[in-house]
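In what follows, subunit A forms one complex with subunit B and a second complex with subunit C.
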Partner chain A sequence: MCGTTEISAPDRASGSSPGTSRTVMKYIYRLVYIVMPAAIAMAFLYAPPAEGLGESSRLLYFHVPLAWVSVLAFSISGVLSVLFLFTGNGERRELVHAAHNSAAIGLLFTVLATFSGSVWSKLSWGAYWNWDPRQTSIIVLMLVYIAYFSLESALRENPSRQRIVSAYLVFAMVTVPFFVFVVPRIFPSLHPDPVINADRQVHLESAMKISLMTAIAAFTLLYGYILNLANRVSAINEQKKGDLR
Partner chain B sequence: MVKTIIAHIKKDFRIEFRNRYAVSVSFSFAFTTTLAISLAAGGIPFSPQTHAVILWVIMFFTAMSGLAHIFVREEDRGTSLFLRLNSPALAVFTAKLLYNVLLFFVLQCMILPVYLFFMQLDVQSPLFFLGYVFLGGIALSSSLTILAAIVARAGARGALFPVISLPVSLPVLWVVIQGTSRSLGRAGFSSPGDMVFLLAFSGTITAVSYLLFEFVWHD
Partner chain C sequence: MKRIFITGMLSLLCVTGHFVNATDDIAPRNAVQVSGETDMDRGCNQVFTLQPETAFGDTGTTPAPASAAPAEQTTGNDVLYRVAGVILIIWLAVSIYLFTIDRKISRIERSSREP
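Here is the complex of A and B:
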């Protein structure tokens, strides 16, 4: 995944080389070249406009996937940090780089989700920002990422930096469900029902549902594609540092 | 283990009462801010929501000025290495956590009368008001203790602590401000949901902090 040449334990056990799994993942991520244009075309040409919202409802096919990838990226950076801390005695530095890259991509997607959400808010409620519980959740998620990068900069000279920033990412990941899933359910919100709701159903008509699911798949693949590229760049940089030493 | 924890708490309180740094700085901050707001308001009555916001902003920044000190002091004096060598991480964290919870409780007991007096606040449901204030205090101090340990290991500690603490503390502030506002107004106590949230948050954060402290504490 991160471009390292060593064969990991699970790969040895399964008999497959890391190169094979990397190649498979690379081809899966390349599906984004097909799925993303399809998702954009479906959002504008296939899905009907929502009743009451009109053409502005097409923002749904971009805003929801962006918010989904923000939470996904943050969760993956947390999970990678857990793996770094609790497995391999802190030797698997590529996990820290992958967690960092995932957080960086997550920050970008969070900014885009906040921006698209505020445009939708203006079109639906008449104001760009009104501290709705879901708007507050996304801005807090952005603050968590910003705090992570500030902490990382402050620890630049510290030899235990990787362990400490990983611990912060895990700690932050644990607090995320409280303000993404719990707080918006305690306080009343103007935001439409979340896609994953108490009924465990998507409240959309079928053409809209298919378009939304395609958009979510496309943005998830885009996230995987960018993360893969970023991890390869990190691996090359690490190799360069090793060569200089 | 229990003896070690008690010994650490005693030591920390003894050092605090010797120089009274955290208590005096935090209380001075809260006192000055309350006076400044009261003076600026000039007797204009605030709504319960505004009072709840002001009170918890003061509480949050009081916590910012006092709660990081417990770990920063160990790093500054060079005693953290001694602690790492002589005490298990679990005992150190438990002692620091209990110290911070107790210290913030003491600070809240000092801040509340000052705020109630100068802001001429009339509390409609005193029991629930105190419940929200002290549960919020426990949730804040339990989440800030591990962050204090993280900040103590970094440079630019003074600026960094609020930056990394605010996003993590916001769920607590969000819930506790609404609860405090209701207890100040006529709405009183409406549902146990937010109190359960504060307890669940404190419990989860404390459990995760125990798991992570060893990684933060040891080199």
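Here is the complex of A and C:
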């Protein structure tokens, strides 16, 4: 699941390698080493600058994929938490670790999206921060996930910690569409129409669209790769804890 | 995770710092000029200066803007190549870091599977 490479008991007992699908996913994620440089080159050398925004519009190929990966990571952490809460009677601890890792990566990408957005805001609107509805909503979303990490640290000794933090992640996932898609549409905003808009069309010319899609693919692969690495580290830690007991 | 976060933040700081400087170089052809003259003002001036020539039926090209444009474009392209190069170098550093971690984890996984 999402790059989880927990070494299962039968695998450990037989000494066989992890499942084929996991190995395949591992190699797919490694495509990021090829796709990311291609995306960077396309952003600067293939895509034309946007009319009216000039060369600063090239931030599109980094800002939008970062924001997309944030939403994806938060959604996946919520789905994994739901799976943990409603399947396996709370025994599938690797799901909690995967959800935690996904939330951490999501928060990292949200910070980067906010940072790239504020630089673009400076170039387009003249100020790094002007409390635009989208800027405000992303800050609230970041606070929601920072609160998750505080909660998790505070409950370290609590035996029900995994259930409580999973329930919190489900709650946090529910707020994501509200802060990302609803709030910016309710209040008047300087932010341009998002890529996923009411018209259900991407208002970009073909070279820009291809570059943007490549960048989104590259950042999604990067997310999958980092999540895979983090899950493998969690699995090793769990195994070591098990050996010590 | 902490190390990944710090690496990401440092990379983005370098990239955006370079990018802001780069777009400052390109800015004259995009937006408001330092002197207060905008592209629209320049465009209007060009239109007004061209009008008499066109009125007398002289449809020949005006050499001054034509010679200025390629120079500006070259500078812009150079900056783009430089920014793309810097970002690719940062990506190279990040990818080497990720690949090293991947190898270390694989080694630990192999050793933990061995009896």
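As a working rule, the second predicted complex is superposed on the first by the 227 of 245 C-alpha atoms of A that agree within 3 Å, B and C clash if a C-alpha of one lies under 4 Å from a C-alpha of the other, contacts with A are read in each partner's own complex, and residues count from 1 in each chain.
Here is the rule we use: contacts are C-beta pairs under 8 Å (C-beta built on N, C-alpha and C of every residue); 3 or more make two chains touch, one makes a residue touch a chain.
Source: prediction; values computed, not measured.
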Partner chain(s) touched by A:85 [first = subunit B, second = subunit C, both, neither]: first
Which superposed partner A:164 touches (first subunit B, second subunit C, both, neither): first
First, second, both or neither for A:108, with subunit B first and subunit C second: second
First, second, both or neither for A:230, with subunit B first and subunit C second: second
Partner chain in contact with A:40 - subunit B first, subunit C second, else both or neither: second
First, second, both or neither for A:155, with subunit B first and subunit C second: first
In the complex, subunit B residues that touch subunit A: 143, 146-147, 150, 153-156, 160, 163-164, 166-168, 170-171, 174-175, 178, 193-194, 197, 201, 204-205, 208-209, 212, 215-216, 218-219
Of subunit C, residues touching subunit A in the complex: 1, 4-5, 8-9, 12, 16, 19-20, 22-23, 26-27, 29-31, 76, 79-81, 83-84, 87-88, 91, 95, 98-99, 101-102, 105, 108-109, 112-115
Subunit B-touching residues of subunit A, taken from the complex the two chains share: 85, 136, 140, 143-144, 146-148, 150-151, 154-155, 157-160, 163-164, 166-168, 170-172, 174-175, 178-179, 182-183, 186-187
Complex contacts: residues of subunit A adjacent to subunit C: 5, 7, 11-12, 15, 30, 32-33, 36-37, 40-41, 43-45, 53-56, 59, 101, 104, 108, 111-112, 115-116, 119, 122-123, 225-226, 229-230, 232-233, 236, 239
